[in-house]
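Two complexes, one shared chain (chain A), two partners (chain B, chain C).
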Partner chain A sequence: MSLDYVTLISSDNHRFVVLKDVALISPVLRNSEEFREGETGQIILDIDAEILEVVVEYLHYSHKYKDQVDASVVPEFKIPTQLALELLVKADFLDL
Partner chain B sequence: MVQSLSLIALAACFQQASSITDVGATPYHLILPVLRRLNAKQLSLLEENSPDLTPDSDDLWALLIEKDFPDRPQSTRRNLLQAKPMRMPNKELYMQYSKDRENFLEGSAQRLRRITQKLQREKSKNSIVPINGFIAEPVIRRRTLAVPRPVKPASKYSNNSIMGKAFKDVQNRLLMFGPSKRHDPYAAFNTNRIVQRPKIGQRPPAQRPVPSPVPSTSVASSNSESSNLQKQWSVPPGHGIYLLPPPPSISTLTSSNMKKCDSRESCRSPTESSATRPVPDTAYTREVRKRKAQSPLLESRRRTQRPKRLGLPGNRSLSPKNQSEGVDHQNKRDSLAELSTYPKSIRSSIFN
Partner chain C sequence: MSRRTRNTGVRGPNSALTEFLRVEGITDAFRQRQGRQRAGSGRGSGAVSETPETDATATNGTTSLAETPGADVSNDLSDDDNDVEYRDDLFNPDDFKQLGQEDTCVDCGNPFTLTVYSRFIEASKGYICEDCNELLRKKERNVRKTQQTARKRRKKVAKALLDKKTVRIASLQDICIRAISSHIEDVDALGDIGQTNINKILKILSKNRSLNDSTVTLFLNPSIKVLELWDCSNVTSDSFNKIAAYCSQLESLTLFMCGQLHNDNMTYFIDKLPNLKKLALNGPFLISTPQWVDFFEKAESPLEQFEVRNTHRFGNDSLISLLERRGNQLTLLKLSRLDGLDSEPVYGLIPQYLAPSRLEELELSHPHQANLIDDDLLIHILATTGETIKYLNVDGCTQLTDSFLTEGVAKFCPVLETLSMRNLELITNEGMRDAFEELGQINYGGLLSIDLTKCTGLGNEAIEAIFKHSGKTLVEASINSVNNLTNSFLVQILTDDKDESKVLIQKSIEDGVNDGIDEAPPMEVDGDEEGDDEGDLEAYSSQPTKSKVVFYLQQSLPLLTKLDVGFVRAFDDLVLEKFSEECPKLAIVEVFGNNRCTAKASVRDDLLVIGVQGENL
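Moving on to the complex of A and B:
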């Protein structure tokens, strides 16, 4: 596990710095590593900051519990309802 | 295992499905599960706000038709044979159906109102209403006959009982024989006329002068005659015999007495007749008497003789005498002629 970080840049230029391993849970982000983003370490996403924040939160959540077998221990991941619709779209985009 | 974010987001959308008014740029396939949960009104609103859904959401409309109008055809021929291709045939069909239903409901409300009104009217027809006053019924005038039919006196006995039948029988006979004075079986023992017979071993009762049968109003000349007769018929002492009054001589019968003298009363003197029970003078008896005066035939017949029972063409069985056709044609004709002179009411009573 390298200590590389990647920066996820939202549409309104918010920067979210995450560990590379965490970011690479998303297959889309993983694939983007092979391109220029791999060199710069910055991934520009056409996602609003609020939604990107939730996405990042989810990434951490999933990274924490990805090896967890017992489902009852894993807490429910709550999302704000007003973002639910857009989150749906973006989650589909990121294939999360 | 953690849930995928897509699913989580979708679940969140599910919960808030009713409050979604706009999906924006959301692609149809993503939001489809949510849309399936919506009803027609919400779906139409959504389509209005986010027209991106529209051509694809037609399937949703098909589903809605199936849900809301299960007994109607899913796709009508009208939809298929449109000259102008409809962009969303199912939606149009759904709208058509919903409109029909609305109209029907409106009509049914009206129909219900009409029916209840009709029922109310029917009810009020039969309801009991207090009346303050009433208009008198029109008097039905009955045609009065020229000759009033004889009204039978009302009997207190029911027609079906023996007494009633006897009563009816008597009434019918009265029509033929007139209102008779009640036959007094003890008339013969009337003391007015006879001298009392002394019982065996007893002395004859004191001689009482025999009352003069001739009325005092008779002519003076006849008086002497009657007194002579009386002497002739005087009672020898010691004997009591039944004395009949001398038959009234012709001269004693005045014109006034003549009228009242019927065949029945010929054996009695005028005074006697008045002394016996008087005939009730009702309208009925007056009528009968009048009719008797009019028809001489009845008078001529003797009391015991009943009027001839004639066999009419259909009633051969009634009169055994007239079995053969040839016999008594003449008589029949005569009798029929006779009959025709009778007043109608009596005629009818004879044959009943």
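Moving on to the complex of A and C:
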């Protein structure tokens, strides 16, 4: 496990610094690592901070429970209802 | 003694009486039992033990039975009442305490009063106090609990394995969809979404297969004019009625995988969708032929575009009705995989009812039988309405031959943009070449997309003619399984005409390298030895008997974005690199089954190569 960090930058310029292992859960972010973003350690996303915050939360949630065998231990991930539709579009983009 | 060893199966010599008793099954079991009882009560055993033991014939059963129990009895006589003392001498008699006495806990060393509930510990050979007992009991309970949970978890994992599902964290999309579904009634809670986002969400829901009665209601509002549901598998008949009830302004309705679309729904659509111009249905197998007829006859909508796929219930009568009632308005007609359409004359009606120069998109693919769609039908249709045709799809009409291209497409299609002709194996290399050379005289624009998957008759010349005509405009191309293409051809069309290697080829042809070679089809060259440009020439000239050297002009493919070259064996690393260099827009190349295409090829970063063998995923 590496301790590298990646900075995810929202469209309104909020920065989310997350562990590389956590960010790489998204296949799209993983692929963008191969390009210029891999060198700068920054990934600029066309996502509002409000949405990106939930996305980052989900990445951590998913990272924490990825090896869990027992489904009953994994808590439900709650999302703000008013963001559900927009979040769905972004989640589809990030392939999460 | 002989009776003792009876069980081993080995017997010594017996008297006749012993033998008789044995055969008759008369044993001394009764006496033995009696003897034991007597021994237990401790009476009269002395008399028995006095009997001599050595009587081998043992007519007197008591003698033998006295042997064992007798010996025990003599011991028992002395210990008769000291039973408890005997057992207690397992541990130090000094430690032994009566109930109610003070004792020292073997665990903590504290003094305590021995009761009937005090617990004896085998390992340390002593009693423990009540406190220690409580602790121990708690420990045991925990152990049992963890054991149980471990067992439960193991069971669950095994069960999941048997059910072939792994415990997976719900994807963010699933979570969103669940949130949306649960708040579907409360549209305001979901926030504002534009129409473009609606379409996007519809597609995502379809992709996740979660379009159902509850989610679909989100998208029904009176103002929409276009509705596209790409996966209606879980949308029930009631919801289809709701579509018509809520969205009466609909002009375009697309329902794919609409297996639950019912006759009643179509009846409902007849007068509830007065503006419907486009109807596209995939898999409406519950709609019967009479229902189709009814719909076409009675529907108030000005239907102009009609598409139906994957149903065996769209019969001959349905098509006749469609053509009679709507034929002259149609701008789009797509009929695919309709096994109910099995009459050639009915297909023959299509050109008769179509208005001249009106139809823009035509698809007649995968008919019930190949002979239903032949060259004459297509030529007839194209002669009628070819002038406006932009999209032509004849996938799987395997009966079509060169004349469909030379007499039909090449003569009547000036604005054709998309041509799809999968599996047309009868089309020849020459036919295709001639057709595109001729097409070039009326169709100046060029094609945007061409699909030649499994047109196995094609070769270098056909593809060259296509690129010559449409190379500048082509965006998507599939030459999957056109395996007659040679490596030399693929390399040359992407190499500058001034390049040394091509100049050499041209020169060698002028010098007569082909002299004496018969008009062997160039497809014979498989390009096995061709490694690079220079190598080509040497390979050719070193084996003059094999094949003819052919010179191909460079073709430019400036807009090509997607290319499927699966199962074209001549396509190797070098060609892939050439395509990567020469086609600036190329984004996706599919190379399934091209074993000379490896991960070693260096291509542009933004070019996605799919299907490379031995690829590490």
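Criterion: the second predicted complex is superposed on the first by the 96 of 96 C-alpha atoms of A that agree within 3 Å, B and C clash if a C-alpha of one lies under 4 Å from a C-alpha of the other, contacts with A are read in each partner's own complex, and residues count from 1 in each chain.
Assume a residue touches a chain if its C-beta (ideal position, glycine included) is under 8 Å from a C-beta of that chain, and two chains touch if they have at least 3 such contacts.
Fair warning: this is a prediction, and the values are worked out from it, not measured in the lab.
When the two structures are aligned on the shared chain, A:K66 is found in touch with chain B and with chain C. When the two complexes are overlaid on their common chain A, residue A:Y5 makes contact with neither chain B nor chain C. On chain A, the surface touched by chain B in one complex and the surface touched by chain C in the other have residues 55, 58, 61-62, 65-66, 68-69, 71, 74, 77, 79, 81, 84-89, 91-92, 94, 96 in common.
Partner chain A is touched in their complex by these residues of chain C: 153, 156-157, 167, 169-173, 175-177, 179-180, 183, 189-191, 193, 197, 200-201, 204, 207, 605.
Chain A makes touch with chain B in their complex at residues 55, 58, 61-62, 65-66, 68-69, 71, 74, 77, 79, 81, 84-89, 91-92, 94, 96. Partner chain C is touched in their complex by these residues of chain A: 34-35, 55, 58, 61-62, 65-66, 68-71, 74, 77, 79, 81-89, 91-92, 94, 96. Those residues of chain B whose C-beta lies close enough to touch chain A in the complex are 1-6, 8-10, 12-13, 15-16, 20, 23-27, 30-31.
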